[in-house]
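Look for chain A in each of the two complexes below; its partner is chain B in the first and chain C in the second.
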Partner chain A sequence: MRITDIIKELDLKVISGNSSITNEVTGGYVSDLLSDVIGNAREGNIWITVQTHQNVVAVASLKDLAAVIIVKGLQPDSDTIEKSNIENIPVLSTETDTFNIAGRLYELLNKK
Partner chain B sequence: MKTFRADLHLHSVLSPCGDLEMSPGNIVEEAYRKGIDIIGITDHNTTRHAALVTRLAEKKGIFVMTGAEINTIEEIHCLVFFENTDTLTLLQEYIDDNLPDIHNIPKIFGHQVEVDEYENIIYEEKRLLASAIRKSITELEKFVHLNRGLFIPSHIDRLKNSIYSQLGLLPENLNADALEVSRATTIEKFAQVHPEIRKYTLTRSSDAHQLCDIGKETTTFLIEKADFNEIRMALAGKGGRRLITA
Partner chain C sequence: MQIRHKIAGGDFTRAGNVASAVKKVLQQINIDHKQSKRIVIALYEGEVNVVAHAYSGVVDIDIDSEKIKITIADKGPGISDIEKAMQEGYSTATPQVREMGFGAGMGLSNMKRNSDFMNITSIPGEGTTVELINFIKPDAN
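After this line comes the complex of A and B, so read on.
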(Lines of atoms letter the chains of each structure in order from A and count residues from 1; the text may use other names and numbers.)
(Lines give C-alpha, C1' and ligand atoms only; values in the text may rest on other atoms or scores of the structure.)
Protein backbone atom coordinates (compact mmCIF):
# COMPACT_ATOMS: atom_id res chain seq x y z
CA MET A 1 0.00 0.00 0.00
CA ARG A 2 1.17 3.51 -0.78
CA ILE A 3 1.49 6.29 1.79
CA THR A 4 -1.05 8.34 -0.17
CA ASP A 5 -3.68 5.60 0.33
CA ILE A 6 -2.97 5.50 4.05
CA ILE A 7 -3.22 9.29 4.30
CA LYS A 8 -6.64 9.12 2.67
CA GLU A 9 -7.95 6.14 4.63
CA LEU A 10 -6.76 7.36 8.04
CA ASP A 11 -7.48 11.02 7.34
CA LEU A 12 -3.92 12.15 8.09
CA LYS A 13 -2.57 15.63 7.62
CA VAL A 14 0.64 15.99 5.60
CA ILE A 15 2.93 18.37 7.48
CA SER A 16 6.09 18.07 5.39
CA GLY A 17 8.22 15.78 3.25
CA ASN A 18 5.51 15.71 0.53
CA SER A 19 7.93 14.61 -2.19
CA SER A 20 7.96 10.99 -0.98
CA ILE A 21 4.30 10.38 -0.23
CA THR A 22 3.83 7.97 -3.10
CA ASN A 23 6.30 5.49 -1.55
CA GLU A 24 5.24 1.95 -0.64
CA VAL A 25 4.67 0.98 3.00
CA THR A 26 5.87 -2.45 4.18
CA GLY A 27 4.38 -2.36 7.68
CA GLY A 28 4.17 -0.30 10.83
CA TYR A 29 6.22 0.33 13.94
CA VAL A 30 5.19 2.01 17.20
CA SER A 31 7.71 3.40 19.67
CA ASP A 32 8.66 6.62 21.42
CA LEU A 33 12.19 5.54 22.21
CA LEU A 34 14.29 6.47 19.21
CA SER A 35 17.03 4.07 20.28
CA ASP A 36 14.43 1.29 20.04
CA VAL A 37 13.36 2.43 16.58
CA ILE A 38 16.99 2.35 15.43
CA GLY A 39 17.25 -1.20 16.71
CA ASN A 40 13.94 -2.61 15.55
CA ALA A 41 12.01 -0.70 12.87
CA ARG A 42 12.29 -2.13 9.35
CA GLU A 43 12.81 -0.44 6.01
CA GLY A 44 9.59 0.90 4.53
CA ASN A 45 7.75 0.91 7.87
CA ILE A 46 5.44 3.75 8.79
CA TRP A 47 6.37 4.86 12.32
CA ILE A 48 3.89 6.16 14.90
CA THR A 49 5.25 8.33 17.76
CA VAL A 50 4.64 11.21 20.17
CA GLN A 51 8.17 12.53 19.64
CA THR A 52 8.57 15.78 17.70
CA HIS A 53 12.34 16.36 17.91
CA GLN A 54 14.41 16.70 14.71
CA ASN A 55 16.05 13.34 15.51
CA VAL A 56 12.75 11.71 14.48
CA VAL A 57 13.64 12.56 10.88
CA ALA A 58 17.29 11.58 11.35
CA VAL A 59 16.25 8.15 12.63
CA ALA A 60 13.56 7.68 9.96
CA SER A 61 16.12 8.51 7.30
CA LEU A 62 18.75 6.23 8.84
CA LYS A 63 16.29 3.32 8.84
CA ASP A 64 14.74 4.12 5.43
CA LEU A 65 11.28 4.38 6.96
CA ALA A 66 8.39 5.26 4.66
CA ALA A 67 6.88 7.98 6.85
CA VAL A 68 6.28 9.17 10.39
CA ILE A 69 2.87 9.74 12.00
CA ILE A 70 2.91 12.16 14.93
CA VAL A 71 -0.10 11.57 17.15
CA LYS A 72 -2.47 13.61 19.34
CA GLY A 73 -2.14 16.70 17.13
CA LEU A 74 1.38 17.38 18.43
CA GLN A 75 3.27 19.91 16.36
CA PRO A 76 6.76 18.88 15.18
CA ASP A 77 9.62 21.28 15.94
CA SER A 78 10.46 23.69 13.12
CA ASP A 79 13.83 22.03 12.44
CA THR A 80 12.03 18.66 12.23
CA ILE A 81 9.88 20.04 9.40
CA GLU A 82 12.88 21.60 7.69
CA LYS A 83 14.86 18.36 7.89
CA SER A 84 12.01 16.19 6.65
CA ASN A 85 11.82 18.28 3.47
CA ILE A 86 15.56 17.87 2.94
CA GLU A 87 15.59 14.15 3.76
CA ASN A 88 12.31 13.47 1.93
CA ILE A 89 10.67 11.83 4.93
CA PRO A 90 6.90 12.49 5.01
CA VAL A 91 5.81 13.76 8.43
CA LEU A 92 2.10 13.11 8.93
CA SER A 93 -0.16 14.15 11.73
CA THR A 94 -3.34 12.89 13.37
CA GLU A 95 -5.46 14.20 16.24
CA THR A 96 -5.98 10.57 17.31
CA ASP A 97 -3.83 8.82 19.96
CA THR A 98 -1.30 6.06 19.32
CA PHE A 99 -3.55 3.13 20.29
CA ASN A 100 -6.35 4.08 17.95
CA ILE A 101 -4.29 5.10 14.94
CA ALA A 102 -2.10 1.99 15.26
CA GLY A 103 -5.22 -0.19 15.40
CA ARG A 104 -6.65 1.40 12.29
CA LEU A 105 -3.33 1.19 10.44
CA TYR A 106 -3.00 -2.49 11.38
CA GLU A 107 -6.47 -3.22 10.04
CA LEU A 108 -5.79 -1.33 6.86
CA LEU A 109 -2.46 -3.02 6.13
CA ASN A 110 -3.82 -6.49 6.86
CA LYS A 111 -7.07 -6.10 4.91
CA LYS A 112 -7.36 -8.60 2.07
CA MET B 1 46.03 27.25 38.78
CA LYS B 2 44.92 24.51 41.17
CA THR B 3 43.04 21.25 40.91
CA PHE B 4 39.60 20.85 42.45
CA ARG B 5 37.71 17.59 42.70
CA ALA B 6 34.00 17.89 41.90
CA ASP B 7 30.98 15.64 42.21
CA LEU B 8 28.37 17.61 40.28
CA HIS B 9 25.45 15.19 40.41
CA LEU B 10 23.91 14.51 43.84
CA HIS B 11 20.34 13.79 44.92
CA SER B 12 19.07 14.73 48.35
CA VAL B 13 16.17 13.24 50.27
CA LEU B 14 13.94 15.65 48.37
CA SER B 15 14.26 13.51 45.24
CA PRO B 16 11.74 10.67 45.45
CA CYS B 17 14.54 8.16 44.85
CA GLY B 18 16.95 9.88 47.25
CA ASP B 19 17.72 7.95 50.43
CA LEU B 20 16.27 9.37 53.67
CA GLU B 21 19.79 9.86 55.05
CA MET B 22 20.59 12.28 52.16
CA SER B 23 19.93 15.43 54.16
CA PRO B 24 21.83 18.60 53.26
CA GLY B 25 23.83 18.26 56.49
CA ASN B 26 24.81 14.66 55.83
CA ILE B 27 25.66 15.31 52.18
CA VAL B 28 28.02 18.13 53.12
CA GLU B 29 29.63 16.09 55.93
CA GLU B 30 30.18 13.12 53.62
CA ALA B 31 31.64 15.27 50.85
CA TYR B 32 33.93 16.99 53.36
CA ARG B 33 35.06 13.65 54.81
CA LYS B 34 35.92 12.43 51.30
CA GLY B 35 37.86 15.58 50.41
CA ILE B 36 35.54 16.76 47.64
CA ASP B 37 35.99 20.45 46.85
CA ILE B 38 32.92 21.14 44.71
CA ILE B 39 29.48 19.53 44.83
CA GLY B 40 26.45 19.92 42.60
CA ILE B 41 23.01 19.72 44.18
CA THR B 42 20.76 18.32 41.49
CA ASP B 43 17.44 17.00 42.77
CA HIS B 44 14.84 15.85 40.27
CA ASN B 45 12.86 18.88 39.09
CA THR B 46 13.41 20.96 42.24
CA THR B 47 15.91 23.44 43.69
CA ARG B 48 14.47 23.57 47.23
CA HIS B 49 17.55 22.17 48.97
CA ALA B 50 20.07 24.31 47.12
CA ALA B 51 20.18 27.20 49.59
CA LEU B 52 20.69 25.07 52.70
CA VAL B 53 23.33 22.87 51.07
CA THR B 54 25.17 26.02 49.98
CA ARG B 55 25.03 27.55 53.47
CA LEU B 56 26.27 24.38 55.20
CA ALA B 57 28.95 23.71 52.58
CA GLU B 58 30.40 27.23 52.88
CA LYS B 59 31.30 26.51 56.52
CA LYS B 60 33.32 23.51 55.33
CA GLY B 61 35.00 25.31 52.45
CA ILE B 62 33.08 23.35 49.83
CA PHE B 63 31.75 25.21 46.78
CA VAL B 64 28.23 24.33 45.63
CA MET B 65 26.95 24.39 42.06
CA THR B 66 23.22 24.96 42.52
CA GLY B 67 20.74 23.54 40.06
CA ALA B 68 18.52 20.57 39.36
CA GLU B 69 18.24 17.48 37.21
CA ILE B 70 15.40 18.31 34.86
CA ASN B 71 13.34 15.61 33.17
CA THR B 72 12.34 16.95 29.72
CA ILE B 73 9.19 16.03 27.80
CA GLU B 74 11.21 13.39 25.91
CA GLU B 75 12.12 12.01 29.37
CA ILE B 76 15.76 12.96 29.02
CA HIS B 77 17.51 13.85 32.28
CA CYS B 78 19.62 17.01 32.08
CA LEU B 79 21.73 18.69 34.74
CA VAL B 80 21.26 22.44 34.81
CA PHE B 81 23.17 24.89 37.00
CA PHE B 82 22.58 28.55 37.76
CA GLU B 83 24.97 31.06 39.21
CA ASN B 84 22.93 33.00 41.74
CA THR B 85 19.68 32.96 43.69
CA ASP B 86 17.91 35.19 41.15
CA THR B 87 18.44 32.84 38.23
CA LEU B 88 17.90 29.77 40.43
CA THR B 89 14.52 31.26 41.39
CA LEU B 90 13.73 31.65 37.69
CA LEU B 91 14.52 27.97 37.24
CA GLN B 92 12.19 27.01 40.11
CA GLU B 93 9.42 29.13 38.55
CA TYR B 94 10.05 27.48 35.17
CA ILE B 95 9.70 24.06 36.81
CA ASP B 96 6.56 25.11 38.73
CA ASP B 97 4.95 26.37 35.51
CA ASN B 98 5.76 23.21 33.57
CA LEU B 99 5.58 20.31 36.02
CA PRO B 100 2.31 18.41 35.56
CA ASP B 101 0.01 18.27 38.54
CA ILE B 102 0.49 14.56 39.26
CA HIS B 103 0.60 13.68 42.94
CA ASN B 104 3.41 11.66 44.46
CA ILE B 105 2.54 8.37 46.14
CA PRO B 106 5.39 8.02 48.66
CA LYS B 107 4.77 4.28 49.09
CA ILE B 108 5.50 3.75 45.40
CA PHE B 109 7.90 6.53 44.38
CA GLY B 110 9.49 7.46 47.72
CA HIS B 111 9.36 10.47 50.03
CA GLN B 112 9.94 14.00 48.76
CA VAL B 113 10.78 15.97 51.86
CA GLU B 114 12.72 19.13 52.58
CA VAL B 115 14.61 19.17 55.88
CA ASP B 116 16.35 21.90 57.87
CA GLU B 117 19.90 21.73 59.19
CA TYR B 118 18.69 19.85 62.29
CA GLU B 119 17.08 17.16 60.13
CA ASN B 120 13.52 18.29 60.87
CA ILE B 121 11.09 17.85 57.99
CA ILE B 122 9.86 21.33 57.08
CA TYR B 123 8.06 20.69 53.78
CA GLU B 124 6.70 17.83 51.74
CA GLU B 125 6.50 18.19 47.96
CA LYS B 126 3.12 16.87 46.83
CA ARG B 127 3.73 16.85 43.08
CA LEU B 128 5.62 13.88 41.70
CA LEU B 129 9.10 15.23 40.95
CA ALA B 130 9.96 12.24 38.76
CA SER B 131 7.47 13.47 36.12
CA ALA B 132 8.58 14.98 32.84
CA ILE B 133 8.11 18.74 32.56
CA ARG B 134 6.18 20.07 29.55
CA LYS B 135 9.31 21.40 27.83
CA SER B 136 11.52 19.76 25.23
CA ILE B 137 15.28 19.40 25.58
CA THR B 138 15.67 22.13 22.95
CA GLU B 139 13.43 24.52 24.87
CA LEU B 140 15.17 23.72 28.16
CA GLU B 141 18.62 24.36 26.66
CA LYS B 142 17.47 27.76 25.37
CA PHE B 143 16.01 28.70 28.77
CA VAL B 144 19.20 27.69 30.58
CA HIS B 145 21.53 29.62 28.31
CA LEU B 146 19.25 32.67 28.20
CA ASN B 147 19.77 32.85 31.96
CA ARG B 148 23.52 32.23 31.81
CA GLY B 149 23.24 28.73 33.20
CA LEU B 150 25.08 25.53 32.37
CA PHE B 151 23.42 22.65 30.55
CA ILE B 152 24.77 19.08 30.84
CA PRO B 153 22.67 16.11 29.63
CA SER B 154 22.97 13.39 32.31
CA HIS B 155 24.33 9.84 32.09
CA ILE B 156 24.27 9.76 28.30
CA ASP B 157 25.38 6.10 28.32
CA ARG B 158 22.37 4.84 30.22
CA LEU B 159 19.60 2.85 28.54
CA LYS B 160 16.88 4.96 30.12
CA ASN B 161 16.30 8.69 30.50
CA SER B 162 19.38 9.52 28.45
CA ILE B 163 19.78 11.52 25.27
CA TYR B 164 20.78 8.34 23.42
CA SER B 165 17.97 6.15 24.79
CA GLN B 166 15.27 8.74 24.09
CA LEU B 167 16.54 10.39 20.90
CA GLY B 168 18.65 7.60 19.41
CA LEU B 169 21.47 9.86 18.25
CA LEU B 170 23.24 12.92 19.55
CA PRO B 171 21.16 15.77 18.03
CA GLU B 172 22.91 17.90 15.44
CA ASN B 173 24.19 21.19 16.87
CA LEU B 174 23.36 20.20 20.45
CA ASN B 175 24.36 23.23 22.49
CA ALA B 176 25.58 21.45 25.63
CA ASP B 177 28.29 22.77 27.96
CA ALA B 178 29.28 19.15 28.60
CA LEU B 179 27.90 15.63 28.51
CA GLU B 180 27.92 13.42 31.60
CA VAL B 181 29.12 9.83 31.32
CA SER B 182 27.85 7.74 34.23
CA ARG B 183 29.89 5.59 36.55
CA ALA B 184 28.35 2.48 34.95
CA THR B 185 30.95 2.76 32.19
CA THR B 186 34.06 4.76 31.28
CA ILE B 187 34.53 7.58 28.79
CA GLU B 188 36.89 5.36 26.78
CA LYS B 189 34.41 2.49 26.53
CA PHE B 190 31.45 4.67 25.61
CA ALA B 191 33.46 6.73 23.10
CA GLN B 192 34.42 3.52 21.29
CA VAL B 193 30.75 3.05 20.42
CA HIS B 194 29.95 6.77 20.09
CA PRO B 195 33.15 8.62 19.05
CA GLU B 196 31.05 11.74 18.32
CA ILE B 197 30.89 12.48 22.09
CA ARG B 198 34.54 13.54 21.93
CA LYS B 199 33.40 16.82 20.37
CA TYR B 200 32.08 17.74 23.81
CA THR B 201 33.58 18.23 27.24
CA LEU B 202 32.82 15.08 29.20
CA THR B 203 32.12 15.10 32.95
CA ARG B 204 31.88 12.26 35.43
CA SER B 205 29.92 12.36 38.67
CA SER B 206 28.45 9.91 41.11
CA ASP B 207 24.69 10.52 40.64
CA ALA B 208 24.58 9.51 44.31
CA HIS B 209 21.21 8.68 45.82
CA GLN B 210 22.78 7.47 49.07
CA LEU B 211 25.65 8.75 51.20
CA CYS B 212 28.09 5.95 50.47
CA ASP B 213 27.96 6.73 46.74
CA ILE B 214 29.03 10.37 47.06
CA GLY B 215 32.37 10.86 45.33
CA LYS B 216 32.42 7.40 43.73
CA GLU B 217 33.00 9.20 40.45
CA THR B 218 34.32 12.75 40.18
CA THR B 219 35.61 15.32 37.71
CA THR B 220 38.85 17.19 38.37
CA PHE B 221 38.95 20.84 37.34
CA LEU B 222 42.10 22.87 36.76
CA ILE B 223 40.96 26.37 37.73
CA GLU B 224 42.08 29.47 39.66
CA LYS B 225 39.47 29.13 42.36
CA ALA B 226 36.23 27.27 42.95
CA ASP B 227 33.48 29.43 41.54
CA PHE B 228 30.78 29.25 38.88
CA ASN B 229 32.58 31.25 36.25
CA GLU B 230 35.84 29.32 36.63
CA ILE B 231 33.90 26.09 36.13
CA ARG B 232 32.13 27.58 33.11
CA MET B 233 35.52 28.50 31.64
CA ALA B 234 36.95 25.05 32.36
CA LEU B 235 33.99 23.33 30.66
CA ALA B 236 34.56 25.57 27.64
CA GLY B 237 38.36 25.03 27.83
CA LYS B 238 38.99 28.76 28.01
CA GLY B 239 41.76 30.82 29.65
CA GLY B 240 43.86 27.77 30.42
CA ARG B 241 41.08 26.33 32.59
CA ARG B 242 40.19 22.77 31.80
CA LEU B 243 39.23 19.34 33.04
CA ILE B 244 41.92 16.89 33.99
CA THR B 245 41.02 13.41 32.87
CA ALA B 246 42.41 10.65 35.03
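After this line comes the complex of A and C, so read on.
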Protein backbone atom coordinates (compact mmCIF):
# COMPACT_ATOMS: atom_id res chain seq x y z
CA MET A 1 0.00 0.00 0.00
CA ARG A 2 1.20 3.50 -0.79
CA ILE A 3 1.50 6.36 1.71
CA THR A 4 -1.07 8.33 -0.30
CA ASP A 5 -3.67 5.56 0.23
CA ILE A 6 -2.96 5.55 3.97
CA ILE A 7 -3.27 9.33 4.14
CA LYS A 8 -6.70 9.08 2.51
CA GLU A 9 -7.96 6.12 4.54
CA LEU A 10 -6.78 7.41 7.92
CA ASP A 11 -7.58 11.04 7.15
CA LEU A 12 -4.03 12.25 7.88
CA LYS A 13 -2.76 15.76 7.32
CA VAL A 14 0.42 16.11 5.24
CA ILE A 15 2.67 18.60 6.99
CA SER A 16 5.84 18.29 4.91
CA GLY A 17 8.07 16.00 2.89
CA ASN A 18 5.39 15.74 0.15
CA SER A 19 7.85 14.63 -2.51
CA SER A 20 7.90 11.04 -1.24
CA ILE A 21 4.24 10.41 -0.44
CA THR A 22 3.75 7.97 -3.29
CA ASN A 23 6.27 5.56 -1.74
CA GLU A 24 5.28 2.04 -0.75
CA VAL A 25 4.75 1.12 2.93
CA THR A 26 6.00 -2.19 4.36
CA GLY A 27 4.45 -1.96 7.83
CA GLY A 28 4.31 0.19 10.93
CA TYR A 29 6.35 0.81 14.06
CA VAL A 30 5.24 2.51 17.27
CA SER A 31 7.77 4.03 19.68
CA ASP A 32 8.75 7.28 21.32
CA LEU A 33 12.31 6.08 21.99
CA LEU A 34 14.65 6.95 19.14
CA SER A 35 17.22 4.22 19.74
CA ASP A 36 14.44 1.66 19.86
CA VAL A 37 13.34 2.80 16.39
CA ILE A 38 16.94 2.63 15.18
CA GLY A 39 17.26 -0.90 16.53
CA ASN A 40 13.91 -2.31 15.51
CA ALA A 41 12.00 -0.40 12.82
CA ARG A 42 12.28 -1.76 9.28
CA GLU A 43 12.87 -0.10 5.97
CA GLY A 44 9.61 1.24 4.54
CA ASN A 45 7.76 1.33 7.88
CA ILE A 46 5.49 4.17 8.94
CA TRP A 47 6.60 5.38 12.37
CA ILE A 48 3.98 6.60 14.85
CA THR A 49 5.28 8.90 17.63
CA VAL A 50 4.66 11.87 19.94
CA GLN A 51 8.16 13.24 19.32
CA THR A 52 8.30 16.46 17.26
CA HIS A 53 11.96 17.50 17.14
CA GLN A 54 14.32 17.25 14.16
CA ASN A 55 15.97 14.02 15.31
CA VAL A 56 12.76 12.23 14.33
CA VAL A 57 13.48 13.03 10.69
CA ALA A 58 17.16 12.17 11.14
CA VAL A 59 16.24 8.71 12.46
CA ALA A 60 13.55 8.15 9.82
CA SER A 61 16.03 9.03 7.10
CA LEU A 62 18.83 6.83 8.52
CA LYS A 63 16.45 3.87 8.66
CA ASP A 64 14.84 4.56 5.25
CA LEU A 65 11.38 4.73 6.85
CA ALA A 66 8.41 5.55 4.62
CA ALA A 67 6.91 8.33 6.76
CA VAL A 68 6.32 9.63 10.29
CA ILE A 69 2.89 10.13 11.86
CA ILE A 70 2.84 12.62 14.73
CA VAL A 71 -0.15 11.99 17.00
CA LYS A 72 -2.58 14.04 19.10
CA GLY A 73 -2.39 17.08 16.82
CA LEU A 74 1.14 17.88 18.06
CA GLN A 75 3.02 20.36 15.86
CA PRO A 76 6.48 19.42 14.59
CA ASP A 77 9.23 21.99 15.24
CA SER A 78 10.08 24.27 12.31
CA ASP A 79 13.49 22.62 11.81
CA THR A 80 11.75 19.23 11.71
CA ILE A 81 9.63 20.47 8.79
CA GLU A 82 12.63 21.98 7.06
CA LYS A 83 14.70 18.81 7.43
CA SER A 84 11.86 16.55 6.25
CA ASN A 85 11.65 18.52 2.99
CA ILE A 86 15.40 18.15 2.48
CA GLU A 87 15.52 14.46 3.44
CA ASN A 88 12.25 13.62 1.62
CA ILE A 89 10.58 12.11 4.68
CA PRO A 90 6.81 12.75 4.75
CA VAL A 91 5.69 14.11 8.13
CA LEU A 92 2.01 13.37 8.67
CA SER A 93 -0.28 14.40 11.47
CA THR A 94 -3.42 13.11 13.14
CA GLU A 95 -5.62 14.52 15.89
CA THR A 96 -6.14 11.05 17.35
CA ASP A 97 -3.83 9.23 19.80
CA THR A 98 -1.24 6.50 19.25
CA PHE A 99 -3.50 3.59 20.28
CA ASN A 100 -6.26 4.49 17.88
CA ILE A 101 -4.14 5.43 14.87
CA ALA A 102 -1.92 2.34 15.28
CA GLY A 103 -5.03 0.14 15.48
CA ARG A 104 -6.47 1.65 12.32
CA LEU A 105 -3.16 1.41 10.47
CA TYR A 106 -2.77 -2.22 11.51
CA GLU A 107 -6.25 -3.04 10.27
CA LEU A 108 -5.66 -1.24 6.98
CA LEU A 109 -2.30 -2.92 6.27
CA ASN A 110 -3.58 -6.39 7.17
CA LYS A 111 -6.88 -6.22 5.34
CA LYS A 112 -7.19 -8.72 2.48
CA MET B 1 39.94 10.11 2.09
CA GLN B 2 39.89 11.82 5.46
CA ILE B 3 37.16 14.02 6.90
CA ARG B 4 36.90 15.72 10.26
CA HIS B 5 33.80 17.10 11.98
CA LYS B 6 33.15 18.69 15.36
CA ILE B 7 30.26 17.98 17.72
CA ALA B 8 28.94 20.39 20.34
CA GLY B 9 27.75 18.78 23.56
CA GLY B 10 24.18 19.57 24.62
CA ASP B 11 23.05 20.89 21.22
CA PHE B 12 20.21 18.59 20.16
CA THR B 13 19.14 20.93 17.36
CA ARG B 14 22.29 19.90 15.49
CA ALA B 15 22.57 16.29 16.65
CA GLY B 16 22.76 14.05 13.61
CA ASN B 17 24.31 16.66 11.31
CA VAL B 18 27.66 14.87 11.18
CA ALA B 19 25.96 11.54 10.40
CA SER B 20 23.91 13.03 7.58
CA ALA B 21 26.96 14.81 6.10
CA VAL B 22 28.92 11.55 6.13
CA LYS B 23 25.95 9.69 4.62
CA LYS B 24 26.02 12.07 1.64
CA VAL B 25 29.75 11.58 1.11
CA LEU B 26 29.42 7.78 1.20
CA GLN B 27 26.57 7.98 -1.32
CA GLN B 28 28.66 10.16 -3.62
CA ILE B 29 31.60 7.76 -3.64
CA ASN B 30 29.27 4.79 -4.19
CA ILE B 31 30.05 2.77 -1.09
CA ASP B 32 27.90 -0.38 -0.78
CA HIS B 33 24.51 0.85 0.51
CA LYS B 34 24.16 -1.74 3.25
CA GLN B 35 27.59 -1.09 4.77
CA SER B 36 27.31 2.68 4.54
CA LYS B 37 23.83 2.59 6.09
CA ARG B 38 25.17 0.53 9.01
CA ILE B 39 28.15 2.77 9.68
CA VAL B 40 26.06 5.94 9.43
CA ILE B 41 23.58 4.52 11.96
CA ALA B 42 26.45 3.67 14.32
CA LEU B 43 27.93 7.14 13.80
CA TYR B 44 24.55 8.75 14.54
CA GLU B 45 24.27 6.93 17.87
CA GLY B 46 27.85 7.88 18.74
CA GLU B 47 27.22 11.49 17.77
CA VAL B 48 24.06 11.65 19.91
CA ASN B 49 26.00 10.16 22.84
CA VAL B 50 28.48 13.04 22.65
CA VAL B 51 25.59 15.53 22.53
CA ALA B 52 23.73 13.81 25.39
CA HIS B 53 26.57 12.78 27.69
CA ALA B 54 29.73 14.79 26.87
CA TYR B 55 30.86 18.40 26.41
CA SER B 56 32.42 18.38 22.94
CA GLY B 57 33.73 15.91 20.42
CA VAL B 58 35.69 15.41 17.24
CA VAL B 59 34.81 12.84 14.58
CA ASP B 60 37.46 11.53 12.20
CA ILE B 61 36.35 9.56 9.17
CA ASP B 62 38.96 7.63 7.29
CA ILE B 63 37.95 5.83 4.11
CA ASP B 64 40.19 3.59 2.04
CA SER B 65 39.54 0.82 -0.47
CA GLU B 66 38.95 -1.78 2.27
CA LYS B 67 37.18 -0.04 5.11
CA ILE B 68 35.46 2.94 6.62
CA LYS B 69 36.97 3.84 9.98
CA ILE B 70 35.29 6.33 12.29
CA THR B 71 36.78 7.66 15.50
CA ILE B 72 34.62 9.71 17.85
CA ALA B 73 36.68 11.31 20.59
CA ASP B 74 35.03 13.47 23.23
CA LYS B 75 35.85 15.58 26.22
CA GLY B 76 33.38 14.62 28.90
CA PRO B 77 32.69 12.66 32.05
CA GLY B 78 33.94 9.41 30.51
CA ILE B 79 32.50 5.97 31.21
CA SER B 80 33.76 4.23 34.36
CA ASP B 81 32.17 0.84 33.66
CA ILE B 82 32.08 0.22 29.91
CA GLU B 83 30.61 -3.28 30.23
CA LYS B 84 27.68 -1.92 32.21
CA ALA B 85 27.19 0.95 29.75
CA MET B 86 26.99 -1.61 26.92
CA GLN B 87 24.04 -3.38 28.57
CA GLU B 88 20.72 -2.63 26.89
CA GLY B 89 18.54 -0.49 29.12
CA TYR B 90 21.36 1.06 31.14
CA SER B 91 21.28 4.83 30.84
CA THR B 92 22.34 7.87 32.84
CA ALA B 93 20.43 10.27 30.55
CA THR B 94 18.82 13.23 32.33
CA PRO B 95 15.03 13.60 32.52
CA GLN B 96 15.13 16.38 29.89
CA VAL B 97 17.07 14.17 27.50
CA ARG B 98 14.67 11.27 28.12
CA GLU B 99 11.70 13.48 27.37
CA MET B 100 13.06 13.89 23.84
CA GLY B 101 13.06 10.13 23.40
CA PHE B 102 16.72 9.50 24.13
CA GLY B 103 17.92 7.40 27.06
CA ALA B 104 16.55 3.98 26.15
CA GLY B 105 20.04 2.66 26.84
CA MET B 106 20.18 1.10 23.39
CA GLY B 107 22.61 3.37 21.56
CA LEU B 108 25.81 1.48 22.28
CA SER B 109 24.28 -1.88 21.37
CA ASN B 110 22.95 -0.38 18.14
CA MET B 111 26.51 0.79 17.42
CA LYS B 112 27.88 -2.67 18.11
CA ARG B 113 25.30 -4.30 15.85
CA ASN B 114 25.91 -1.88 13.01
CA SER B 115 29.68 -2.09 12.94
CA ASP B 116 32.14 -4.86 12.07
CA PHE B 117 34.52 -3.70 14.79
CA MET B 118 33.94 -1.43 17.77
CA ASN B 119 36.31 -0.41 20.52
CA ILE B 120 35.65 1.97 23.42
CA THR B 121 38.34 3.51 25.57
CA SER B 122 37.54 5.98 28.29
CA ILE B 123 39.21 7.93 31.07
CA PRO B 124 36.67 8.95 33.71
CA GLY B 125 36.72 12.70 34.17
CA GLU B 126 38.46 13.24 30.83
CA GLY B 127 36.54 11.68 28.00
CA THR B 128 35.66 8.77 25.76
CA THR B 129 36.91 7.53 22.40
CA VAL B 130 34.86 5.16 20.26
CA GLU B 131 36.38 3.50 17.22
CA LEU B 132 34.13 1.96 14.58
CA ILE B 133 35.20 0.02 11.49
CA ASN B 134 33.07 -1.35 8.68
CA PHE B 135 34.74 -3.31 5.93
CA ILE B 136 33.81 -2.62 2.34
CA LYS B 137 33.20 -5.82 0.48
CA PRO B 138 35.30 -6.00 -2.68
CA ASP B 139 32.39 -7.46 -4.66
CA ALA B 140 30.07 -4.56 -3.73
CA ASN B 141 28.98 -1.96 -6.31
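One rule holds for everything that comes next: the second predicted complex is superposed on the first by the 112 of 112 C-alpha atoms of A that agree within 3 Å, B and C clash if a C-alpha of one lies under 4 Å from a C-alpha of the other, contacts with A are read in each partner's own complex, and residues count from 1 in each chain.
One rule holds in what follows: a contact is a pair of C-beta atoms (placed from the backbone, for glycine too) under 8 Å apart; a residue touches a chain by one contact, two chains touch by 3 or more.
Just so you know, these numbers come straight off a predicted model, no measurement behind them.
Aligning the shared chain A places chain B and chain C in steric conflict. In the superposition on chain A, A:I15 makes contact with neither chain B nor chain C. By the touch criterion defined above, A:L92 reaches neither chain B nor chain C. Of the two partner chains placed by the overlay, only chain C lies in contact with A:S61; chain B stays clear of it. Between chain B and chain C, it is C that contacts the larger number of residues in chain A. Of the two partner chains, chain B and chain C are each touched by A:L33. Shared contact residues on chain A (touching chain B in one structure, chain C in the other): 33-35, 38, 51, 53-55, 58-59, 62.
Across the interface of their complex, chain B is touched by residues 33-35, 37-38, 51-55, 58-59, 62, 77 of chain A. Taken together, the chain B residues at the contact with chain A in this complex read 74, 136-138, 159, 164-169, 171-172. Residues 12-13, 15-16, 19-20, 23, 37, 40-41, 44-45, 48, 100-107, 109-110, 113 of chain C are the ones touching chain A in the complex.
Per the touch definition, chain A reaches chain C in the complex via residues 32-36, 38-39, 49, 51, 53-56, 58-59, 61-64, 79, 87.
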